[in-house]
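The two complexes that follow have chain A in common; it is paired with chain B in the first and with chain C in the second.
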Partner chain A sequence: MNYTKQIQDIAAKLFAEGKIDVFVGYRMNGFDENQVPVLITDPQDVSKLVFTDKSVFNLVNYLKTDHTRRKRVGIVVKGCDSRSLNLMLTESQVKRENLYVVGICCEGVVDDAGEKMQNCTDCMVPDAVVSDEMLGTAVSGSGTLTYKKNADIVALAEKPLTERAAYFEEVFENCIRCNACRHSCPLCYCAKCCIDQETATLYNGANTTSAAFHALMTWSLHLAGRCVDCRNCEKACPSHLPLHLLHKQNESVIYENFQEHLAGVIPEDRGAFYKYSLKDPDDFIM
Partner chain B sequence: MEAEVKDQLVSIEKPELIAPPNWEPVIMGILCNWCSYAGSDLTGTSRIQYPPNIRIIRVPCSSRVDPWFLIKSLQTTADGVLVSGCHPGDCHYISGNYFARRRFLVTKKLLNFVGFHENRIQFSWVSAAEGPKFAKVVNKVTEDIKKLGPLHLYKKENFEKK
Partner chain C sequence: MSFTTFVTDKAGLQKFYEAVMASRETYAPVEKFGKFDFKRVARLSECDPVSPIAKTLSIKPLFFPRTAKVMKYVATSAGTDVSEVDEDPLAVKRVILGAKHCDARSLQVLDKVYNWDYIDTDYQKRRENTVIISTRCDKADTHCFCTSLDYDVENLDALDVLVVNGADGKTYLEARTAKGEALLGETFTSDAVRVTKEEAAPEMKKQYDAFAASFRLKMDYKEVNAKLAKIFDTPEFENVSGNCVSCNTCAFVCPTCHCFKISDEKVKDTGVRYKSYDSCNNGYFTLMAGGHNPRPVKYRRWRQRAMHKFVYYKERFGENLCVGCGKCTISCPVNISIFEVVSQVSAAAGNRQ
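What follows is the complex of A and B.
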């Protein structure tokens, strides 16, 4: 998967036609094989753009910064990124007419070790669902992809309650409350987060296991039904916490119980908690 | 830190070891204004006894309940939580409890996933006419939580510097 040439051509063409002010893409980080996001405003810098299977980050996150807000933006999206873009469009965070979206038919990206990332092996939507222009040939045949429950979730759910409690206590203990997960998430766009509200800060000022439990649980439940499993939070986490466990747990419950709901796949679909069905499970309620 | 991990593991497996004598659980009861709160009122006016362990908070609708309420109460003083609202179809705001039902399921499963016993987070539908049912529900929840013992998992005071 290498679309470097095509993306450079598209960006150069868009700048020449005056259709965009900023182009959001990837460039080499300059010291190893990995890539970092780049915001290009000068047409001469277009040659910096690359796209290979090392392009791991979700660029939609950069649509919530001041560099791109209220500007005409060109952006590269993979399948998972396009789902989060879909949600941002539905939630009126960006305007579609300001965007030029280059969609990728994604064959999966690789981590530092060179292995295909876990969310890519389980991916349900490899092709971009929002785009002005598609690159590559469609990966998903119609209806050939089936939902696989995350292997980590299955393994943890089989363990007894006490072991799970001990495992998660260690996870929350290692959190340093830097909020990188929140800043790296495209769907965490609130100007003032509820976790940072005055009462919550006073109440949870210290960085303790208990405070991390409160913050991460609230965060994951606010993203339940909206998380698209791009794993930007996990890539950003300096403590390497397995944050996907919380999100995938919510996702699997929602997929199994609420009419196979997947966030951001259908345009104008606001997420699982914005709708209901009369057939929703009721057996856990007295 | 090791002592605390041991503590909470003991609390799940052998409650009798660390439950102090005459220990009574604290249960957070979040009730919807239109059905369950009126139902609990009827229980009282009908002179039906129910355990005093429940601390009741009134909310406008069960869909007002943010999962944050449950997380915060389990983290501070509560040993268990009971959320109660109108029966499906009876919501004063037409569809509030349908939305709430989805959130409750996901919240309960997630809290269970990170180590809380499923009986610590309970939900019920109680209408304004169901005084006896409310007493039955509170009795059951209190019994369940007495069996589990005091909650130590992620409790705020366990992690504060002394």
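What follows is the complex of A and C.
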């Protein structure tokens, strides 16, 4: 998967036609094979752009910063990224007319060790669902992809409750409360997070196991039915915590109970928790 | 005072580690979720004293904990009763195994600020009670640049016992402080051969030279210090900080960052006050009670981070607030390199003159 040339050409054309102010893409970091997101404002820098299977980070995150706000933006999105972009559009965080979206038919990206990432092997939506222009040939084919419950949560579910509790206690113990997961999440766009309130503190800012539990559980529930499994959070976590377990558990529950709902796949879809349907299960209501 | 050097082999080193673990509280890198963090260990099999530098968190939390209780309080009708917290678990006599040289150096840098206007007694106690055993790296990692900074990596005296895997297959142990000398003397008797410094020097030098030659990143820190000091208002900071997502990971994993916040955990009338890490990249970091924020935008916060590391701290304490460990770059979700940022900004300053 290498769309470097195409993306450079598209960005150059967009700048030449005066359609965008800033282009959000990837460049090489200059030290190893890893890439750094780059916000290009000078048309001369277009040659820095690259796109390979090392283009991991979800760039939709940058649509919530001052560098792109109220500007015309060109952006590269993979399948998962485009789902988060769909949610940003639905939740009125960005205006579609300000964006020029280059969609990728994504064959999967690789982690630091060079292996295909787990979310890519399980991916249901490899092709971008929002785009002005698509690159590559469709990977999804004609509905050949089936929903696979995440192998890690299946394995965890088989263990006894005490063992699971001990495992998660270890997870929360190793959290250092840097909140990098939240900041790197494209859908955590609140100007003031409930976890950071200085007054009326519901959440303890300290780095205790209980505070980490409280913060991470709140965070994962705010993303229930919205998380698109791009794994920005896991990439950001300095302790390498398996944060996807929280999100994938939510996702599978929602998929099974709310008419196979997957976040951000359908434009204007408000998501499982924001719409009412007669088909919604109610057997858990006492 | 001159210190002793011992020469031994891998098995001897292992015996030394085991003897240390049997006699002292020992902290060493323990793997969890693919990352190594310094935790209390009882057996050598639980830890990896030569954990890869890119996957190991710093030893800073053993001196400046991620969260520390400051005090407890109870509100009563007569007023508020404030009480001391329980004993500091980190202030006992202990040994750290497997610290990296950059980690050890970071404590020297932190000592300056902790001995400045306010003397942090907890930190002092933890420092005094700790013996640091550090193995010299054999090879630099992608983002390492410790040899380019203002300290002598070869003769670093921030560590107490130096371990060098010599090019000849032997292991050299050198005491660098009185604390290290005592530890070596007490646990090391039969399995090792005492050698003079001169005898050990050639092999240790050879190992160091091979290590120093493996660095790809080279920086002239004096030039960076001088140039950054002159360009507070350069627009280049805006360019280099554009792709930062303000996630603060860099500050949390940095062995020299030392900013903290105070927060309370309250249950009805009783509470505990905590001191825990904070980062200058946080938007609310400089937010004042009246609502004014002197650093409201990201590039100003980034500028503060870069300038504090390479200009302000240097001016005040004579040291760079960076040890070149590359932990921030490795942990960064978008792979921003502090090395690249300061090099790029100071290069821009060069162009401007």
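Points worth noting:
The rule we apply is simple: the second predicted complex is superposed on the first by the 273 of 286 C-alpha atoms of A that agree within 3 Å, B and C clash if a C-alpha of one lies under 4 Å from a C-alpha of the other, contacts with A are read in each partner's own complex, and residues count from 1 in each chain.
Everything that follows uses one rule, which is that a contact is a pair of C-beta atoms (placed from the backbone, for glycine too) under 8 Å apart; a residue touches a chain by one contact, two chains touch by 3 or more.
Everything numeric in this text was worked out from a predicted model, so none of it was measured.
Of the two partner chains placed by superposition, A:C190 touches none, neither chain B nor chain C. Contacts of A:I176 after superposition: chain C is touched, whereas chain B is not reached.
Looking at the shared chain after the overlay, A:N250 reaches chain B, while chain C stays out of its contact range.
Once the two complexes are laid over each other on the shared chain, residue contacts for A:P37 go to chain C alone; chain B is not touched.
In the superposition on chain A, contact of A:A138 is made with neither chain B nor chain C.
Once chain A of one complex is fitted onto chain A of the other, the partner contacts of A:A236 are limited to chain C, with no touch recorded for chain B. Once chain A of one complex is fitted onto chain A of the other, the partner contacts of A:A151 are absent, as it touches neither chain B nor chain C. In the superposed model, A:H67 lies in contact with chain C only, and not with chain B. Contacts of A:I266 after superposition on the shared chain: neither chain B nor chain C is touched.
On chain A, the surface patch touched by chain B in one complex and by chain C in the other comprises residues 206, 208, 211.
Within the complex, the chain C residues that touch chain A are 32-35, 37, 57, 66-67, 142-143, 216-217, 242-243, 245-249, 251-253, 261, 263-265, 274, 276-277, 279, 284, 287, 297-298, 331, 333-337, 340.
Per the touch definition, chain B reaches chain A in the complex via residues 1, 5, 8-9, 12-13, 67-68, 71-72, 75, 88, 95, 98-99, 101-117, 122-125, 137, 140, 153-156, 158-161. Those residues of chain A that touch chain C in the shared complex are 29-32, 34-39, 57, 61-62, 65-67, 170-171, 174, 176-184, 196, 198, 201, 204-208, 211, 232, 235-242. Residues 156-157, 161-162, 164-166, 168-169, 172-173, 194, 206, 208-211, 213-214, 217-218, 220-221, 224-225, 245-246, 249-250, 253-254, 257-258, 272-274, 276-278, 280-282, 284-286 of chain A are the ones that touch chain B when the two sit in their complex.
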